[in-house]
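In what follows, chain A forms one complex with chain B and a second complex with chain C.
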Partner chain A sequence: MEYFTTELLTLLFAALRSATPVLAVVLGEAMTQRSGVINLGVEGQMLLGAMTGFAVASVTGDPWLGVLAACFAGIALSMVHAILVLGCGANQIASGVAVLVLGSGLSAYYGTPFVGDKIDTLGNLNHTFVSDIPMLGQFLGPITPTVLITLLAIPAISIFLFRTRTGLRWRSTGESQDITRNLGHNPMHYQLAAIAFGGLMSGFAGAALAVDYTANWVEGMTAGRGLVAVGLVIVARWNPWYALPAALLFGASEALNLKLQSWGVNISPYLLATLPYMIPLSVLMLSYRGLRASGGGMPAGLRVVFQSAR
Partner chain B sequence: MTSATQPVVKLTLRLLSGPAGAVLVMTAIFVVATLAFFAINGREAVSLFQEMVMGAFGDSYSFSETLVKTAPILLTALAVALPARLGLISVGGEGQLYLGALFGTGAVLAAVDQPGWILMPLMLTGAMAGGALWGVIPGLLKTRLGVNETISTLLLNYVGILLVSFVVHGPWKNPNSLGWPATIEFPAGAILPQFFDTRVHMGLVFGIVAAVILHILVTRSRWGLGLQVSRSNPRVGATAGISYERNVLIVMAVGGLLAGLAGIAEASVIQNRLQDGLASGYGMTGFLVAWLAGQHFLRIIPLSVLMGGLLASADSLQLYAQLPKASADILQALLFIIVLAVASLWGRRRTT
Partner chain C sequence: MKKAIRTLLATSILAISVQAAAETKVGFIYVGPKSDYGYNYAQEQGRIYLEEHMDDVETVYFENIPENADVQRVMERMVRSGVEVVFPTSYGYLDHALKVAEKYPDVHFAHSGGLKTSDNLMTYFAEIDQAMYLAGVAAGLTTGTNQLGFIAAHPIPQVLRNINAFTRGAQSVNPEVTTSVIWTSSWSDPTREAEAAEALISGGADVLTGHVDSPINYVQVAERRGVYSVGYHADASQFAPKGWLVGAIWNWGPMMVNIVNSAKDGSWKSEHLRGDLLTEAAKLSDFGSAVSEEDQQTVLDRREAIMNEELQVWAGPVFGQDGKVIVKEGDTMTLEETEKMDFLVQGVQGRLK
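On to the complex of A and B.
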C-alpha cells in the first residue's frame, strides 16, 4: 500500500513538473482567446523563448536572466501575430501558422551554436524547509521555481479576469467588440494586450522547458507542446482554474510514458510517446460534446473565427 | 506628358492597383527582406541572393532538384486547398504524408517478391489508403463531435510521425542495416518511374494532374457547386440534398490521399526505403503554398515550383555557403507573412 501511494505521488509530482510549460501556455492562450483572438503561433513563440532563454543563460551564466529574455522573445514574436491580425486583418489561423514557422526557423538558426552547452539551473526546493516536511518533503523537494510561478499565475489571472474592471472589459471584448466600443474603449487595445500576454506566457513556458525542466536546448524541442496547449484551452473551458487539470493531462501522459518505459513495459517507446498527443485529443473529443450542447464558455468572438474561418 | 504615352500610363496604373500590383509589392518586399536577412547575418547579401536564384533555377540540374521538391509541396498544398473549399482549415498534410509512406511501405513489404505490375499498384493504393485514413479521422471528429479540424490535424501530425518511427525502429527494421533505423531497400518494382535521368518522379505528374482535375471538378461540376453551397450555408445545402457531413469526409479523404502519394514517392524514389525524418516540413510548406495561392488549385502549381526552388537552393547553399538549413524556414515564413499582410490590406482597401 505504501509503495503504491509513493509511486502514485511520484507520478503526480512528475506530472506537475512536465505539465508546467504546457500550463503556462494554456494560461496565456486562454487569456488571448478570451479577447477573441486565437494564436497557433504559441508553438513558435515557445521555441524562440526556449532558445533565447537557454542562450542567455549560457552566455551570462544567469538562468534568471535567461527566463527574463525568454519572456521578451515570446512577446516580440507574438507582435508579428498582432500586426498581421489586428493591423492588417489577416486570417488568424494562417497568421498563427506563419508565426509558428518563423519561430521554429529562427530558433533553429540562432540556436545551433548553443546545442550541448551546460547551464546553471534555477535550483529547486531541496535543502529548504520544504524538504523537511514529513512524508511530503521528498515529493515537494524537486519542485522548481517555474512550477511555483506558473501555479501562482492561476489565482492572479483569475482575480484579474473575474474581479477587476479591466478583466471584465477584456472578457467583453471577446464576447462582442461592439460592447467594448460602446463603453468607450478600443477593443484592439485589449486584443493587443491579450496577444502580448500570450507571448509572455509562451516565452516563459519555453524557458520553463529549456532552462528549468531539461536544462538543455535541442532544435524543435517543444515537440507540439504549444499546439497541445491550444487544444487544452478548449478542455479548460477558457478558465484559468481548469487549466491546471487540463495541463496535468499532458503532464500525466508524459510522466506515464517515462514511467512505463522505466518499468520495462514491453511497448515501443515510440508508441508510448504518442500518449501525450492521443490523451489530450481524446479528452478534447469528450469535451467537445459538452461544447456543442451549451457553448461551454467559448467566447462568442472566437466562435466566428472557428466556424467561418476561410 | 504627350498624349501618346498617356493611355500606357493609365493602363499601368490600373494594372498596379489590381492583383498584379499586389504581387509586385509582395515580391519587392520579399526580396528586400531576404537581402536584409542575409546582411544582418553578415553575409554578402546580393551575391548570396544571386547564388540562391541560381541554386534553384540556374541550370538543368538545379531545376530538376527544384522539381523534386515541388512534387511533395504541390500534393500537400492540394491536401490543404481542397478542404478549404468547404471552409475547413486542415494543417494535417505532414501526418497524412507520413501515413501514406507508412501504408505504402507496408504494401511493399507484404508483396516484396511480386513483379512490379502487382507491387506498384499495391504500393500506391496502400499509400492513398493511409493518407486518406489520416484525413478521414479528423473529418469524422469534425462531423460527429464538432472537434475543430485545425487542432486535431495538428496533433495527429505528431502521432503519424511517431508511428513511422515505431515501425522503422521496431517491426520493420532491416536486420542488416547495422542498427540504422530503416526498412529494407525497396525492390526495383517499387521505385516510381523517374524522368530524363534525374530524380524528378511520377509524384510531380500526380500532383499536376490532380490539380487540374480538382480545378475542373470544383469549378465545373455539380459536386463543386454543392461544395460552395455547403460552405456558405450548410442548411440550404441540406435542403438541396447536399450533405455537408459527407462532403467534409470526401474532401478530407481526397486531400489525405494526395498527401499520402507524396509520402510514398519520397520513400520510394528519394530514400529508397522508409526511415525517420522522411520529409520534415513538406506538410507545413504545403499549407503555406495553399494560402499563398488563395486556395486556387491551378495557382498552386507555379507557387509550388517557386517554393521548391527555395528549398532546393537552401539545400545547395547549405553545402556550398554553409548557410544553415533553417534559413529556408525563416525565408518561407517571411514570404508568408509579407503575402498575408499585403493581401489582407489589399483586400480591405477593396471592400471599404
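On to the complex of A and C.
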C-alpha cells in the first residue's frame, strides 16, 4: 500500500513538473483569446524566451535575471503579432505562424554560442519547512519556483478576469468589440494588453524549461509544447481554473509514458509515446459532447477569426 | 510543416561557407544543429579539425537538413558550387547520397555509419560500442542498487549496440546488473529526457546513461538527484562534478583528414572504414572522481584487452532478452551483424517495439 501511494505521488509530482511550462502558456493564451485574438506564435515566443533566459542566466550568472529577460523576450516577440494583427489587420492565423517561425529561427541563430554552457538553477524547496513534512516532504522538497509562480498565477488571473472592472471589459472585448466601444473604451488597448500578457507567460514558460527545469538550451527544445498549449486552451474552456486540470492531463500522460516504461510494462513504446496526445484529445471529445451549441465557452469574438479568415 | 520551415531556414540563412586558401572544397551536411553538444557537434568538431590541420582545404556546411529528398538538393547544390568531397553525416542520408553519387562520378562521398558503398561512395564510422562496453564496466563496478538506467531515442542498430554493449560491460563485472531502457522517441527533447531520468532514478537506477543528442540533460538530473552518470557523444563531466563516471566520445578529425587526403591523392577506396579505440576515433573520456583508482585500472585493463583483440565485445555467448542464445559460445558477431543489430540482450528491461 505504501509502495502504491509513493508511486502515485511520484507520478503526480512528475505530472506537475511536466505540466508547468504548458500551464503557463495555456493561462497566457487563454487570456489572449479572451480578448478575441488567437496567437499561434506562442511556441516561437517560448523558444525565444528559453534562449534569452538561458543566455542571460549564463552571462550574468543570475538565473532570476534570466527569467525576467525571458518574460521580456516573450513580450517583445508577441508585439510582432500585435503589430501585424492590430496594426495591419493581418490574418491572425498567418501572423501567428510567422511569429512561430521567427521565434524558432531567432532563437536558433542567437542561441548557438550558449550551447553547452552551465548555469545556476533557481533552486528548490529542499531545506525549507516543507521538506520536513512527513511523507509529503520528499515530494514537495524538489518543487522549483517556476512551478509555484505558475500555480499562483491561476487565482491571480481569475480574480482579475472575473472580479475586476478591467477584467469585465477584457472579456467583453472578446465577446464583442462593439460593446467595449459603446462603453467608451478602445478595444484595441485590451487586445494589445492581452497579446502582451500571452507573450509574458510564454516567455516565462520558456524560462521554466531552459533556466529552471533542464538548465540547458537546445535548439527547438519546446518540441511542440506551445502548440499543444494552444489546443489545451479549448480543453480548459478559456477558464484559468480549468487550465490546471487540462495542463495536468498533458503532464500526467507525458509522465505516465515514461513511468510505464521504467516499470517495464509490456506495451509498445510507440503506443505509449502517443499518450500525451491521445488522452487530452479523448477528454476533449468526451467533454464536448452536448457543448457544441454553446461553443464550450469560446469567446464570440474568436468565431470571427475562423469565419472571415481572409 | 515544422520540417519544411526548418529546411527553409537552414538552406536560406544557415548556409555559411568558411573561407581559406582554397583548393579542395569539402562539404558537410548535418541532420540537426551543429551545436547540439552531441552527434552533430562531434561531426562539426571533425570539420573544424580538418580546417585547422589541412592548409589547402575549404569547408562548407549545412545544418538541420532532414533525411528526405531535401538532402539530395543540398548535395546537388554543393557539388555544383565546386565541392569535391561530401560528408553526409546522418544515417538516413545514405540512399539519397547513393543517388547523387551516381550522378556525379567525379565527386567523392563519405557517408557516416552506412552499410552500402558505390564506386565513389565510402562509409566511415567508429565502434563506439567498445567505449560504451568499458563505461558499462565502470557502471557495473560502481552501482549499489545493481540497476542502471538508459535513456534512448529510437530503436535503431547504433542505439541497440550501445544499450547492449553497456549492459554486457556491466554484467562482465557484476552479473546481477540490469538496465532499464526508456525510449523518448526523439533525438532531442530535453524536457522528456529530464523526466525520463527522474523516472529511472525513482525506479531505483543509480547510474544513468543514454543515447540521445545531448548528454547534458540526464547528466544534470542525475547530479541533482545524487546518482552517477555516464556520458555519450561529448564530454559532459563539468555538469556532474560529483557523479560523473566516464563517457564514450567521438573523435572524427584524424579520420576525416585521411579520407580527404585519399580523395586528393587518388588512393580513395570504396570501403567501410571503421575506427575504434585503437585508432581513437571512438574514445573513453577522462574518469570522474567517483571512480576509484582500482576500478579505473580494471577499466583500463579491459581497454588494453580490446585494443589488442584479446577481448571482443560481441563474442558469444550472447543471450537475448528472453534468454535464447543469439550468438553461440565460440562465435563472434561480424561487423555487418552488429551494424544490423535488432535485439536487446538478457538483463535489459524495456520493449523494442
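Quick note on the criterion: the second predicted complex is superposed on the first by the 293 of 310 C-alpha atoms of A that agree within 3 Å, B and C clash if a C-alpha of one lies under 4 Å from a C-alpha of the other, contacts with A are read in each partner's own complex, and residues count from 1 in each chain.
Quick note on the criterion: a residue touches a chain if its C-beta (ideal position, glycine included) is under 8 Å from a C-beta of that chain, and two chains touch if they have at least 3 such contacts.
None of these values were measured; they are calculated from a predicted model.
**Q** Could you tell me whether chain B and chain C fit or clash when both sit on chain A in the superposition?
**A** These partners clash in the superposed model.
**Q** Under the stated touch criterion, which partner chain does A:18 make contact with: chain B (first), chain C (second), both, or neither?
**A** So A:18 only meets chain C here.
**Q** Scan A:116 for contacts with chain B and chain C and give back first, second, both or neither.
**A** second
**Q** Touching A:215 in the superposition: chain B (first), chain C (second), both, neither?
**A** So A:215 only meets chain C here.
**Q** Scan A:106 for contacts with chain B and chain C and give back first, second, both or neither.
**A** Once the two structures are laid over each other on A, A:106 reaches chain B alone.
**Q** Quick check on the superposed pair: does A:230 touch chain B, chain C, both, or neither? Answer first, second, both or neither.
**A** After superposition on chain A, A:230 lies in contact with chain B alone.
**Q** Taking the superposition as given, does A:89 touch the first partner, chain B, the second, chain C, both, or neither?
**A** In the superposed model, A:89 contacts chain B only, not chain C.
**Q** So, A:270: does it touch chain B (first), chain C (second), both, or neither?
**A** both
**Q** Once the two complexes are overlaid on A, one stretch of chain B runs into chain C. Is it 271-279, 289-297 or 343-351?
**A** The segment of chain B occupying space taken by chain C is 271-279.
**Q** Under the contact rule defined above, give the chain A residues that sit at the interface with chain B and also at the interface with chain C.
**A** Chain A residues touching both partners: 101, 104-105, 108-109, 112, 219, 223-224, 268, 270, 273.
**Q** In their complex, what parts of chain A are in touch with chain C?
**A** 10, 14, 17-18, 21, 101, 104-105, 108-109, 111-112, 115-116, 118, 121, 209, 213-216, 218-221, 223-225, 254-255, 258-259, 261-264, 266-270, 273
**Q** Over in the complex, which chain B residues touch chain A? Could you list them?
**A** Residue positions touching the partner: 84, 87, 89, 91, 141, 145-148, 150-152, 154-159, 162-163, 165-166, 169-170, 231, 284, 287-288, 291, 324-330, 332-334, 336-337, 340-341, 343-345, 347-348.
**Q** Hey, which residues of chain A end up touching chain B in the complex?
**A** 40, 80, 83-84, 87-91, 93-95, 97-102, 104-106, 108-109, 112, 219, 223-224, 227-228, 230-231, 234, 268, 270-271, 273-274, 277-278, 280-281, 284-285, 288-289, 291-292, 306, 308-310
**Q** Which residues of chain C touch chain A in the complex?
**A** 2, 5-6, 9, 13-14, 32-37, 41, 149, 155, 180-186, 188-196, 198-200, 202-203, 213-214, 216-217, 220, 224, 234, 238-239, 349-351, 353
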